[in-house]
Structures are given as C-alpha cells and as structure tokens.
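You will see chain A twice below: alongside chain B first, and alongside chain C after that.
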Partner chain A sequence: MSPPAWLGYDWLAPRFIGWMLEGVVQTAWLSLLVCVAASVLGIVLAALQPSRLRWPVNGWLAAHRYTPLLVQLLLWYFGVASLLPEGAMLWLNAPHAFGPLTWPSFEFLAAFIALTLYSSAFIAGEVEAGLRGVPAGQYAAAHALGMRPWQVLRHIVLPQALRLVYRPLLGQYLAVIKNTSLTMAIGVAELSYRSRQVETETLLTFQAFAVATLLYLLLVLGTQLAGVRLQTAQRGYGDA
Partner chain B sequence: MKSKLILALLLAAGANSAFADRIDDIKKDGVLRVAAFDSNPPFGFLDAQTRQINGLDVDVARHIASKLGVKLELVPTNPANRIPLLVSGKADLIAANFTVTPDRAKQVDFSLPYFASGQQFIARKGSLQKPDQLAGLRVGADKGTTQEITLRDKYPATKVVSYDDTPLAFAALRNGNVNAITQDGSKLAALLANAPDKDKFEIAPFTLTREYQAIGLPKGEARLQKLVNDVLLSLEKNGEAQKIYDRWFGPSTKAPLPRDFKIGDKV
Partner chain C sequence: MHSEVITANLDYLLLGSWPQGQLGGMALTLLMGLAAAALASVLGIAAGVGLVMGRPAWRRLLGVACGTLRAIPVVMLIFWCYFLLPVLFGVDVPGTLTVIAALALIGGAFLAQTVQAGIDAAPAGQWQAGLALGFTRWQVLRWLILPPALRMMLPSFVNQWVSLLKDTSLAYVVGVAELTFVAAQVNNREQVYPLEVFAFIALCYLLLCSLLAWAGRRLGRSPQQA
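On to the complex of A and B.
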C-alpha cells in the first residue's frame, strides 16, 4: 500500500491500514465461529424436520428467515440485554479470562448469537434439501443393517446429503462473511466499523471504503476458491 | 466574491465606528438591538405562553440593556445569519450561544465568555468523577463525531464503542453495555431529562474539551466591549450569573447540568 504519487490523491497512512487489517481479523474470526455453530444448529434443525417437532421448528425457521438481520442484531444487543438482571450484564461486560482464553465482549457475543441463529435457519434449508436428495433406499438399507436413526444420519445419509448441497452451503458461508458487516450497528469492531472509523479520522472517504471493499472481496473470494478446491480434492479422494 | 462582500461590510462597519461611537448611537436611540436565537432552548427560544423570546442569552442581554439604561429589542436569528446581522448594523450585539472561534474573530469582536460547553459524560451516579477514571472503562460515543476521536487520542486505555446516534448509545448505557457515554454537555442534559430511570445516572462533573460562548460585538467598539465585559463580571460578582444559570440548567430544571465555568475564568 505505498502511495501512488502519480494519482495525486492522499493515501491512507499505514496506521489506518493497520486498523483495517484488525477489522479483517475480527470479521474472519466472527465468520468462522458463526459458520461452525450455524452448521451444527442447521443440521440439527434439518434433522428434526421429519419429526413431531416439525411445526415448532418451522416456526422458528420462519422467524429467523423472514425478519431483517439488523433488527435481530438490535434485538439481541439492546433488547435482550435490557431484560437481563443488572448483575448478569455487569458480568457479561467485564473482562474475564479462562486460562489463555478471554471472554468475548458483549458486542461480539450478541453478534455471534444473532448471526448464528439467522444463518442456521438458511443452512437448515440447504441441509434439508440435501437430506431429501438422498435416495430412500439408502435409509432403508442402513436400517436393515440394524443402525439406530442417529447412526443412519451420521454415517450414511448426512455425508451424502452434504456432498449434494456443498455449493449452496458454500454460498451461505460467503453470505455469513458479508452479513458480519451489519454488526457494526452494535459496535463490533469488524471491517466495516473500522473503515467507518478510518473515514472519520482521515476524511479520506473514498479511500477508506474502497480499501474495505477490496478487503471484503479478497476475503470472500479467497473463501470461495478454498471451498471449491477442497471439494475438488475430496472428490478425487472419494472416487479413488 | 464572498470575501469581497465581507471586506466591503467590514469597511462599512469600520467607517461607521470612525464617525460615531456605537454606545452614543444606542443611547440616542434608546434601544439596544440584540440578535438572539428564537428556536434554540434554553439559550434563546420563543416562549409559547408569553410569545416573547426568552432564554439564558436573553437574560444576559437584558442586564446589558439595563446597564445602558435603554430598552432591549431582540432580533430573531439563526446560526447562519448572526454575523451578517451584526456586520450590517441591524443588530448591536449577538447573544445567541455564539462560540468563540479564531475565524469569527476576524469578522467580529468577542466579550469575555459567559458560558462554556464541551465534551462531557453520563455515567451511573458516583461512578465517574475524574478524567483519570476513564482508563479501562467502556465508553459509548456517536459514530463520526469529534468526541470519538478526542477520546481515542487522549485516552487510549479507554475502550470506545461507537453507536449510530446518541439515543442508541444511551440505550447501551442503560443496559449496562457501556460504563459511560460521551457527547456535548447540553445535549446529554436534554437526553437525561427524558429518561425514565434518570435517577440512576448523572453528568460527570468534568469536561474534556472546551468551547466558549460570548457576546459578539462589532469590530473596533472598544467602549461597548468594555461595558459588556464589566456587566458580565459584575453579574458573576453579585451572584446574578449563577441565578441565570440555575434558571435554565439548575437542579430544579428539566435538564440539569452542573456549572463548572464562571465568568472571568477564561479571558
């Protein structure tokens, strides 16, 4: 990021590029945690679809799919927080350490919860489609071998289902990365928040948001390429 | 173009003062014309009941008029036309929450400051008394404000969390997400006034940055400037300045704000 003098524009000082990179780390870390947690939750929700819990699960999914993410973030950060007892809020907002691990800020925690619930509703949809795509014979054969329902799911159906919907799932993960930008509304110091901060401090409006755009592009494109490459590698292994 | 116009106006004002002292004109007319806000409570606003302009600035102006022994005539103004009114001679003084800045000092003279505002904090009662205590606290600010920058530059150990606007920051404070929030003092006072649980919070008794409000005068009116300054200093001395302050910002008002500036503190 050396200044291209021929452009005749002011460039962002290294200190501000540093702020942006801190934002990238925060964005990547939040995205990773949300993708893992939302996948687990999404699979559980999809697996519950054929069960007696179908209607409550559908209601839960609808509530998270059909409301704006920003409102859900505000609900968790401002709304739920105002219902918690004062002592709980004091604890949640104070720094805590568990060995080498530190307790996350309340902003991060609320963002993680809201994003995970929101994303899991979409991931559940993809996983459900995958489960439907696995031939009925696979279920029947597994049952015939004496497997319990969760064993059927874990060892036989789910691996096939996930392979079927790998690309749409990857698309959901890319959406998670972009959706983390909304958490700037509740004060999470991720990339968008940082770029806005840099803009305030430097008044270099175009530069601040252009660098943020570029960094998002690298992050999302990088994840996409890595995901595709992983799939190709797996296929090669599976076919052998 | 603009600067030429201002120059012309300045020359006109200069020429004016060369011929006659403004004080003589005011006394001859029997009227002191003061530019005051008509929609900026509590500094200057149209009182719904009396239909008169009232406020802290007006109270100060009233004392200046009575010292001169003339009638007070208020000229309604807004931030944009304060200086033009004064420079064109349509007003003798500006008393409209008029902040002292070097740029303005090129066009007008200032009295001693009679009011000070600046970056302050709301926190839970008793939890924030000195600026040193800011270190390690989580403080809510408004995105894109100078307050955010000041805090980050001067108190690097403070964790600044920025929100989209002041009411959201205040919601975060009331929830306990942050330990304090920061904004301009009078804005915080108004915010606190409307909170249902305002008894739990207070405005911390210190100010990080300072802005001073003073009476604006035409350039080169040394006698008028001295008279205004004398009136202001005597208001502080005889306790009238405190009374005026308490009328608009005192403990019994809707938006109380501790007084931490006295006339004469800043010259």
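On to the complex of A and C.
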C-alpha cells in the first residue's frame, strides 16, 4: 500500500535532516544566550521598580510588552542598522575571529538584542511579583544586620523571590525558545528557517514541517521536564 | 525624523489598498485580532470545560492536544495551516483565514488551561450545594461555577487577547497584507528611513494593545467600585 499522494513518496534525505539539526543548534544557542542576558536585565529592571526611576522603567516595559516581537526585530535589523555609520555596518557584516570564537553575523546580533530586550520585559514582571512576595520583615532584618541595599537584594531577597516564581520564570524561558522562531524573518538560520528551506528545496511540505515540529516539541518539552526536575531535586535537598 | 515617509504612505499603512483593492494594514490587523480573540475565547472555554467535565479518555486526549499546541511556536502552526490545509482539503484557503485559525488554536490552548484552573478553584461546597438543590452537574457549572470563575479569569483573557493582537504580525511570514507586512512593503519600496517606518507601526501596536489592556482593567473592576 502506498502512502497518500499529499504525503509525497519520499522521506527526507540525510542531507536535509542535517540542515534541520544545524537549525536546532542555532535555536538552542540563541535561546540560551537570550535566557541568560534577559534574566540579568529582567532582574535589574525589577529591582529598579521601587526606585525613583519607576516611571521611565514602566514606560520601557510597556513599550516592549505591548509591541510585537517581529516589529522589534525588524526595527533593530533595518532601523537601527540605518543609524549606524557605514564603516560600522561594513565591520559588522564582515566575518571576524577572536581566537576560537567567531563574531556572529549581523542577523544573529540583531536577533539577540531584540529578543533579549523583549524577553527581559516579561521576566522583569515575574521577578517583580517574586520580590513583592518576600515578607517585608526579611528586608528589615537584613538592613538591621548592617547589609547594604544591594547586598540585601543579592543574598537575602532575590534567592527567595526567584524560588517563589520559579514556574512562571520557566514558562518565560520556554517562550524564549518558541520566540526564536521569529528570527527567521530577518534571516537567522534557526529551525523554522531551515524547515522552510528544506520545504522549498524538496517540496516535501509535510515531512519538512513534521520534523521541525517534532524537534521543537523535543526542545520545549525537554527543557520543561529538566526545569521541573531541577526544582524537585533542589526542594528535596532543602528539606533534608 | 523624516515624517514624510509616513504621511505619504499613511492610507496604505492604515487601510491597505482599500477601497480600490483588498483591505489591509492596521484595519486588517484589528479585524484578524478580533476574530482570533473571539474564536480563541470560545475554543478556550469549550476545551477548559471539557478538561473538567469530560470522560477520562477525552480529558487525556484534550490535555495532550492543548499541551502540544502550547509547546510549538506560532510560526510552525501558521506553516501547518497555510501550506497543508489547502493540500489536505484540496481547497484554496485564503492566507488571512489560515492565520486566524492558527492563532485561535494556540490562544484557545492557553485559555483552556486558565479556564480549567478557574473551575477547579471553585470551592467544593458550591458544587455540593448546587447538587443538593437538585441541579445537574452541567447546571451547577453553568449557573453557579462559571459566572464568577469567568469574571476572575478576565485579566488572563485580556492578556491572551493582547498576545493574539501582537501575534497577528506573524501573518507577515506568509504574506498576508496586515500592518507589519505593508510596513515592510513600504520599507522595501522607499529604501530610506526604515527606522521611521517601523517605529511608526510599533507605535500603532503600542496604542492598540495599551487600549485593550486598559479597557480590560476597567471592565474587570468589581461592580461595587463602579
């Protein structure tokens, strides 16, 4: 019995599976960098909430939360690029190597910046909720022990706050993995981009998207499972 | 700033080639957002209720389906709907509809989780009281549990609607002439001032989404405060 016509009669050649796996590596690498950078920035933004900078910070957060990520990507890729002097653009578009590290492509750089700023606005919201959940007595006690404000935050309040909002934070990291798919629009060769490439090359539409979807499921559900495991492991350690 | 690139293309950015041609631009973004939000809400409530009230086998199936939809990027689902629906059914489905379908499915999957949690949060005493009065399970759900639960869930619904409105921009990847796509067209045609073009549409989205969030907060205030 032959498969139905719309399925096509071929499976993807190993070469195309290779393209897909390169896409997965790019997606995972970009996600990891964005998660780290956006967490740092998100914590800083959340810590600034009670300060005198509250209004500008709120404006910044709203601007990043209430505009589509795709528009922010295009704004960085086309818009900000147009502001840079010609020399800088030439340098950014040319390959550079620093020892074993290679300087990323301009597409990757723009994707990293836009995704980090976008994600940090949402991570800041979660961290802020966590900070509000830590009892005021904890701040007061740490101050009374003579700690400086940033020491209170770093050693006393932040660890408790992050534990409180662990699950929502994990959700934000999963969103980062999914959101990297939009960077295909500016030409980053991540998984979605590769699936389109394979689709145009082979005309095996179903196979190309099925493989890409499966790989996304593995990435996202795998990260989720690892995150939940990590939490239970730490809890067990704390209780012991 | 060079605002002439905006003023020269304002009609196109807001309405597309309407009234001579097809509606596009910000008007299409709004229409797609409205349709996706309405469909996602209906799907989300139906699936959420199904996750609580259905038979165990159905609940498990529904749970897996929603979980899968939540775990894949919107772009992938748009590809599925856009490239495979026409092949599967042998009919030509307009790009706009396939994107609305994809957004409604994903939005519905997220809302189903909210609705399920909202129903589960109702105190057991309410169910018992309703059943003791001779209501059926479905009547208890419809008349006692759902009305306050949905009011509690309103902020989550508004957040999801804002997300959907932003995600209509993804129709760009399959060439539907909504706001982001027409802006990219204008940018390609003019080749100058990309910052102005994209900053302008970012401002349009910011305005729409803030309005929606603000209206949601107003609507969500308890009746006593009104």
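Operating definition for what follows: the second predicted complex is superposed on the first by the 231 of 240 C-alpha atoms of A that agree within 3 Å, B and C clash if a C-alpha of one lies under 4 Å from a C-alpha of the other, contacts with A are read in each partner's own complex, and residues count from 1 in each chain.
Keep this in mind: a residue touches a chain if its C-beta (ideal position, glycine included) is under 8 Å from a C-beta of that chain, and two chains touch if they have at least 3 such contacts.
In this text the structure is predicted, and so the values were computed from the model without any measurement.
Applying the stated contact rule after C-alpha superposition, one finds that A:L145 touches neither chain B nor chain C. Contacts of A:A63 after superposition: chain C is touched, whereas chain B is not reached. By the touch criterion stated above, A:F78 is placed in contact with chain B and with chain C alike. When the two complexes are overlaid on their common chain A, residue A:E86 makes contact with chain B while staying clear of chain C. In the superposed pair of complexes, A:G187 makes contact with chain B only, with no contact to chain C. Of the two partner chains placed by the overlay, neither chain B nor chain C lies in contact with A:V44. Contacts of A:T200 after superposition: chain B is touched, whereas chain C is not reached. Put simply, more of the residues of chain A are touched by C, taking chain B and chain C as the two choices. Within the superposed three-chain model, A:L217 lies in touch with chain C and out of touch with chain B [touch as defined at top].
Applying the stated contact rule after C-alpha superposition, one finds that A:E107 touches chain B and leaves chain C untouched. In the superposition on the C-alpha atoms of chain A, the part of chain A touched by chain B in one complex and by chain C in the other spans residues 78, 81-82, 185, 196, 199. Of all the residues in chain B, the ones that touch chain A in their complex are 138, 140, 143-145, 148-149, 161-164, 168, 171-172, 174-178. Of all residues in chain C, those touching chain A in their complex are 68, 71-76, 79-80, 83-84, 87-88, 162, 166-170, 172-173, 180, 183-184, 187, 193-195, 197-199, 201-202, 205-206, 209-210, 213. Against chain C, in their complex, chain A makes its touches with residues 6, 62-63, 65-72, 74-75, 78-83, 174, 178-179, 181-182, 184-185, 192, 195-196, 199, 205-206, 209, 212-213, 216-217, 220-221, 224. In the complex of the two chains, the chain A residues touching chain B come out as 77-78, 81-82, 86, 89-90, 93, 106-107, 185, 187, 193, 196-197, 199-201.
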